[in-house]
Structure formats: structure tokens, C-alpha cells
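As written, the chain order gives the labels A, B, C and D, with residue 1 at the start of each chain.
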Amino acid sequence: MSIDSAVIAAAISRVAQATAECAEELNTADGALGDGDLGITVSRGFAEAAAATLPPNVGLALLECAKAFQRVSSSSYGTLVATGFMAAAKAAKGRETLEAAEIPGLLEAALEAMMARGKGSLGDKTVLDSLDTVIGAIKGRPAEEMLDAAKAAAAETVETFRGLPNRLGRARMFGDGSIGLPDPGQLAFQRIVEGLG
Amino acid sequence: MSIDSAVIAAAISRVAQATAECAEELNTADGALGDGDLGITVSRGFAEAAAATLPPNVGLALLECAKAFQRVSSSSYGTLVATGFMAAAKAAKGRETLEAAEIPGLLEAALEAMMARGKGSLGDKTVLDSLDTVIGAIKGRPAEEMLDAAKAAAAETVETFRGLPNRLGRARMFGDGSIGLPDPGQLAFQRIVEGLG
Amino acid sequence: MKKILNRAADYVDEMLEGLCAAHPEFYSQPERRVIVRAGGAVQGKVGIVTGGGSGHLPIFTGYVGPGLLDAAAIGDVFASPSAEQMAAAMRYANGGAGVLRLYGNYGGDVMNFDMAGEMLEFEDIRSTTVLLADDVVSAPREEASKRRGVAGMVYAFKIAGACADRMADLDEVTRVAQKAADACRSVGMALSPCTVPQAGKPTFTLGEDEMEMGMGIHGEPGIRREKLKTADEITDEMIDLLLADRPLNRGDRVSILVNSLGATPHEELYIMFRRARKRLADIGVEIVMPLVGRYATSMEMTGATITMIALDEELERFLKAPAACAFWQV
Amino acid sequence: MKKILNRAADYVDEMLEGLCAAHPEFYSQPERRVIVRAGGAVQGKVGIVTGGGSGHLPIFTGYVGPGLLDAAAIGDVFASPSAEQMAAAMRYANGGAGVLRLYGNYGGDVMNFDMAGEMLEFEDIRSTTVLLADDVVSAPREEASKRRGVAGMVYAFKIAGACADRMADLDEVTRVAQKAADACRSVGMALSPCTVPQAGKPTFTLGEDEMEMGMGIHGEPGIRREKLKTADEITDEMIDLLLADRPLNRGDRVSILVNSLGATPHEELYIMFRRARKRLADIGVEIVMPLVGRYATSMEMTGATITMIALDEELERFLKAPAACAFWQV
């Protein structure tokens, strides 16, 4: 399976639909551990990206997604997603298509940039952990198994970290009060992956 | 029955008790047609007067009551009551005792001063009407009938004016909305008279 | 009652203690509930005194200061101060040139200030009265003298204060104050009530999606209770009421005050101001020195008032003259 | 939602339009959500830029003005502005001497301002960062750099602004701003929530007789939820938290800011100030230029914050230097 700009556009559009539907859920999850805006952030960002006309070049298409998030979603999550798209765009610079096997590498580039931007570490109970688990789960897998593996990994991350305290961002303030609650950003990541198809 | 300072003190003290008990009722009545402070105004004023040591001279005793109201109750009603006591005090100047038959005259002096102070007229649906009706009811009556006549007159005034609109003070603003509601000041006057004994 | 206080009975006195302690350069309290300019009376200047209930900061006490008021007598929350306190304020304000009593048209306040004036006559201190009666919905135009005084006070304090500062005599200060008072029109609307500490419960109730147009600053009734409208609709309704009462013509100059009753945030006042400005621009009226903020409040009430003052050259000059208090600097 | 607004999506833009229209002598908006001093950048002066979510007026935009800030980038209510907007604000503020980014320590704001700084590097505009992290309950002392920034910003803006006004260079302005930020300690408490227009419902709920000590200005959790206490108890608890984090000694000089989160009226702030002053007097600490009012709000939230800044001669001098904006004049 070869990924071009149209494939990306279609995926973004599906995710936009999915995140619009779960915006309330994500707002509520963020309300319990933060300021309650995560659903707005995520759904607005993907809606903006879905509305953009993506150039045929894959690198430029990813750059367009980054810019869309930067325009409308400047909360932590929106900025991190923009940062991730930007790093992936750099890694895919000049390419007209990508192979599925390259996806883990792009995600690694994204993860690294997001860690630098947010000064976060793995284990802080954030979206970084989701990304890390998903990368591990899909690396080396055949293309047709990747999506299911990613979904399982994203869901599993939420459950693994539910029992741990948040160590970063607004949720940090809740300390042990955050134990038992899903990290809103990890939950959002799960919904995004589920929305892919 | 001859009225001296001790009789006045005892009466004030009974009224203080009575108005403390109906303060909520008066606040509520004033809340419906004004700012809801009438119960506080009246009960505080009489409590302050009851706490004062009244001099043996009747005129000075009434002056002391006026001062007590002036000290603690500066809302419309408090100021009017103070004005009334002051006028009665002037009329009783130098006297050690009073006869019951002189009471209507003292109340007339009070009414006149209160009308001048508040620029009000009879028929405006205020305490002025209560005072006027009570004066008419007790004038020329034997001493032992006066209290019952006053009670009946004060109660009757509330009912007579209930069906009319308020034309003065805060309640004026309610216009025809005040029809059907008792004037708080008239109601307070009824409770004061009832409290006398 | 969601308020930060100790004993309800101490609300006003502790507030005044804090106010004077925080701003000794502006306020002093030589007697209980009598607030006087830090420097005392200005010799030869007409003294301007105000008074009324607490719970409206910066009104009344807050506006004591150079270019503004000389003293204020302050009562319990929403209750008149006593005639004695008013008389005391007048004595402190008197610099030998007489005293103007400048305050809002409320029964209790008027009766007590009249008494205070009579007391001062005995002491050969001349005094005059100017009442603010700027709330257009509180009585029809034919009975304008029965109207309540609301945020228009701010303009009257400012303009009369500037006039007195120029050492005008009592008649002149009174004339200018009356002219300012006559030029003011206000209207208010409320979304939620406040609680008088000693009462312990809200002054009124409004449904979750209701507002009351025309409500007074103590929760006195307005002209209609209706579904909460948009900011533009609310502002239009208020501007319409003001213009109906005091029509303006192309080329007229006004100042307007968009005032929060307490809880309504600055953000929302600016949204209203934006609309009010457009409405006035549409009829060719120019806004001079607009005021947006909390100038006359009802503690934590949610809602807003709009005041408009039509200016001539004299009023505009006095409005723009320097003045200072802890809440406002011009 | 008891708010005066048109469409929730227009809340911020209409507010900014009204703000700039009401005070053109202070603010201009050359680009959407970028507020710049009316006169533009001052040549040769270090530019000071801030930014953050809307809903906190006078913070952030309100403090643009002489002796204070040069520009602000402003986001949706409680949401970070974009890196693009921050970069634009920095460009407008740059008078050739570089730009200080002075703002509160919130994840989204930090990431975006860092990106903005990186963008400006490409344009050879030098910039530095000073973060306010003054909320003592938001992280223990050992992790002080993780704390939230709250009302301490007001002091940092004032002091850094005065330093820049003297034409100090970027390193010097940064040093002084950092010193001011380090000297600030704040704590807040809330009684009732506010509503973010686009969310349409309150940010949190509290029982009718509950308060939350330590709550943040976006409704972030505090350290305990308890029965509503008296003003003195609340103030004591807050002063205790501040003094535990930053002990003071006899003879120390501080300024304190008793700040309303929005709905809490001035009256109640003065009751708290009265107590805070007594507590500091008891340990021989002198209060300089106290601030009491609405300096950093959360729209219509009920509650208050107390900020204390320990002063040395340099900070005190800068604090007292002249400054002006539509909300504050020194």
C-alpha cells in the first residue's frame, strides 16, 4: 500500500469526523484533569486540516496539516500535534508517496520533536506514551496489520496509565487525584487512531 | 390612666419584642415592594430605644426614642419614626406625665412632621395613612378602648390600601404591580400597635 | 451566601478600615462611617459631600479625592447613613465656602440629608442640594424628579468636583452640578442578584435564562423580565431607552459609561461598548472620554448599566480636568 | 450561561474591538488578536511582550501601555494564542533592542512562545523569556519552576516595564524581570466558577457553602475543598501559605495585591486587606503601595488571590515609577 496526499486527506477527513463525534467525551475527560478544552482543540484542529486543500507532495501535505493545527489549536495538545506533523513533514520532505513501512520512522521523528517541544518524558502519562507504544506495536508489521495493532496499542496505553499519576501539564496538579482517571491526551490519541478507519 | 416615662419604657420594650418576632415578615413584605430591609429597620430601632435609659421627663423620654431611631435606622421608615418621636417630644416638652386623651394630639404632631419630612400625602399608601386612621379611631374615646380601636384601625388600613397602588418611596416603582400587596410600612405599623399590649 | 466576610454586622466597618488603610493618601475616617479627603477640607473651596448606602464601591466613598469629593457619609449596605453622620461629613468638608450635597434620589437619603442640612444651618454653614435622578425607567419623563439616582453620579461628582477645584462659589458649583445631573441618563439590566450581608439571602431571583431590563442598583424592579438576549440586543434596547428620553442630534458630543454592577466582567462590557459606540456613530454623535468598568456597583450583582451624558463645552472641560482617587484617575 | 455576549465564537474579537475603540490612546490592534501600544514600538527600548488566553482582563492585553508592556498576543478564552500571533506581537514590540517574553507558566503558552522565539531568531530579533510561576500551591518549593503563573504577573509587568523605560538593555531588563518574578508569591481561593463562552457551562462546581483553597485562575484544583470560612480565616490561611514559602523578617518591605477573580466585590477585598495588613504588621513587615482590586481575573469567578512581592530598593523604585494603561495608573 502506497500512501499519497489523497490517502492522507481521506484519513484526515475520517479522523475529523470521529473527533467531532467524541469532542464532548474529550472535553469531559479534560475537564476532570485540566481545563476541559481538549475536545474543542482536537476536533477543531482536524476539521481545519480536513478543510485545507492538501498539495500532492506528501511532505507538503503534512506541513499543511501542521499549519492547520497551528492556526486554530494553540493549547498544549494542538501545539504538540502541530509539532508532530511538522517533524513528519520534514522527514517526508520532497516525497510524492510513502510506503507503510516508513510510518514508524515518521512517528519517531514526531515523538522526538514533541518531547523536545513539551519538555516531557516517557512515563509522564501523556500522549507521548501513546505514540511510543504505538510505534513499538506497528514497527516491522505488515501494512495490513498496522491499523489494528495501533488501535490495540493506543487503547492499551490508556488502560496501563490509568492507574498512575499524571506528571506533566495541567493534570499534574491533581497529583494522586489523577490515579484512576484516563489521561485526556492518551484518550484523544486512541480516538484519533480509531478514527483512521 | 396617667402615662409616665416608665410606662413608655415598658411599651417600647414590648414593641421591641414584637417587632423582633415579625422582622422576617416585614423584610419579606418590603422585599416584595422595596429593598427588603424594613424588618431590620424597625426591630433594630425599637431594640435600640428599649436599650436606652429613658429620663423621667416624658418629653425627654420621647426625644431619647427619636435619637435611638436616628442612630441605628436611617432608612425611610426609621427616619420617619424618628421624626415622629421628635415631634411628639416637642409637643410633650417639659411634661412629667401625660393623659391618654393627649395621645391623639401627639400623634397629630408626629403625622404633620412626617408628612413634611417625607413630602408625602395621605392616600399615597404609606405609614402616613395608618397614622391618620388610627388618630381618627382613638380621638375622643375613653382610655381603656383606645388600644383595641388602634389595633383595628391599623389592621383595617392595611386591608383598605392593599387594593390600591403605592405612590411613594421605593414601592412606587412597582406601579400597578403593587396592587394586592400590603404596604410594608402600614404592615409594620400594625405590628407595632399590636405589640403595645 | 457566597461572600468573604467576618460578621455581617462588621461588613461595612471592616471594609472602611481596609479602604483607609490601603489608601491613606486619599482617605481618612475621622469618625465612624465618615470618610474625608486625606488632607481635610480645602480652605476657601466649596466642599462637596455625598452619602448613601454601602455596597456600591467605588460609589460613594471611593470618589473622595482631589478634583472629586471632599467627604462622604456611608451607611450599612444599601441603607442610608444617619443625619448625624451626614452632618459630620458636611462639617469636615466645609472650607468656609459652604457645602454642596450631591447624591442619589432615594427616600431615606433625602430625608436624612435634609435633616443634616437643617442641623448645619444652626451652625451657619450654608449648604445646597443637587440630586441625581438619572435612571430613565424609574419614572416617566413628566415625573423625572422622582427617578432613582444611579451611575450618573460618577459624572456629577467629576464635573462638580472640577468646578469646585477652580474655586467657584457655592451657587456656581451648585449650578454646574445641577447641569451635569440634568444631562445624565442611565438605564440598567441585571442577570443575577447580590446578597446583602445582614439579610443573608439574594435580593431577588431570576430564572437561569432570564434577565431584567431596567433593574435598579438595589434590585428594584425594572420594566420587563425577559429571556436573556444577545449583547447587541441588550445594548440596543438600553440605547433606545436612553435616546427616547434624551434625543441626540448629529454633531452632539456625549460621554458614555458602560458600567458593571459587579460580577459582569470587563470583557462583556467592552462587547457592549462596541455596540453602543456603533449606535451613536450611526446617528453622528461623538463619544468623548468613554468609561468602561466598575464605577457604580451592587457588590456581586451580574448586570450592567449604561449612562450617557450630553456635553457642552463647559461640561466637557470639567469632565476632562484632572482628578484622582483610589479607583479612578483622570 | 449568564453572560452578556453575542456569538460565543466572537467573544474575544468583539471584546478586543471594544477595548481598542474605548481606549485608542493606549491600544491598537494591527493584526487580529495582537494588541500593540498606540504609539507602536519605542525605538531603542527593549520591547516587552506578553500573551495568553482571554478572560483575565486587565491581564494580559490591558497592561499594554507606557511604563508597562509593548504588545500582547491574545488567545481564545483561557487558551493560548498561536505561535504566529506571538511572533507578530514580538515584531511589533521590537524597537531594535530585542524583546523580552514575559508571561505565565502554562504548557500551551510556553510551547507556542518558544516556537515564536525560534521564528524570530531567523529574523535576527533577539529575545529572552521570563516565566511567572508564582502560585505557591501548584507545586512544592523543590519544583517551583513547575508552578502556575497567576497575579504576580502584574508586578512583573510593572517592574520590567519601568526598567525597560529607562532604556536598560535586554540582559538587564531580563535580569530585573526575573528578579521580580522570583520575588512574587501568590495563592488563590474560589467560591464559584466562571463559564467559558464556547464551553457554555461552568468550569467547576462547588457546594453552596463550600470554598476551594488554592484554586487556579482557570479553575485548576487547589489544595483543599472546605466549608466557607470567615474572611479573617481565609486571609490567615493564604498569608500562612505565602509566608511558609517565602519567610519574611522584621523590617522587610513588601507590596501586596489583594485581587478579585471577578465577582468578589471591592468591599470584600478591603476586608481581606485589613486582615493581611495586620498579619504583616504583627511580624514587623511594612506594606508599600498595596494594590486592591481586579488586576487579574477569571471573568465572573467568585474568589480572590493574594500576591506578595518582597522588595529591595531596586524593585521598589521600579514598582513606584510612573506607568499608565486603561486599567491602572501609577
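Here, a contact is a pair of C-beta atoms (placed from the backbone, for glycine too) under 8 Å apart; a residue touches a chain by one contact, two chains touch by 3 or more.
None of the values given here were measured: they were computed from a predicted structure.
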Labels of chains that are neighbours to subunit A and to subunit D: none
Remaining chains grouped by touching, subunit D not included: A | B, C
Label of the chain whose CA centroid is most distant from the centroid of subunit C: A
Rounded Å distance between subunit B and subunit C, as computed from the means of their C-alpha atoms: 32
Gap in Å, rounded to a whole number, between the CA centres of subunit B and subunit A: 76
Inter-chain centre distance, subunit B versus subunit D - centres from mean C-alpha coordinates, in Å: 55
Interchain centroid distance [CA atoms averaged], subunit C/subunit D, Å: 29
Pairs of chains satisfying the touch condition: A-D, B-C, C-D
Residue numbers on subunit C that touch subunit B, as the complex places them: 75, 78-84, 106-108, 111-112, 114-115, 138-139, 146, 148, 196, 198-199, 203, 216, 218-221
In the complex with subunit D, residue positions of subunit A that touch it: 27, 31, 34-37, 40-41, 70-71, 74-76, 78-80, 83, 117-118, 168-170, 172-174, 177
Footprint of subunit C on subunit D - complex, ascending: 2-6, 11, 14-19, 21-22, 54-55, 57-58, 62, 191-192, 194, 208, 228, 230-232, 234, 262-274, 277, 290, 292-294, 297, 299-300, 302, 304, 326-327, 329
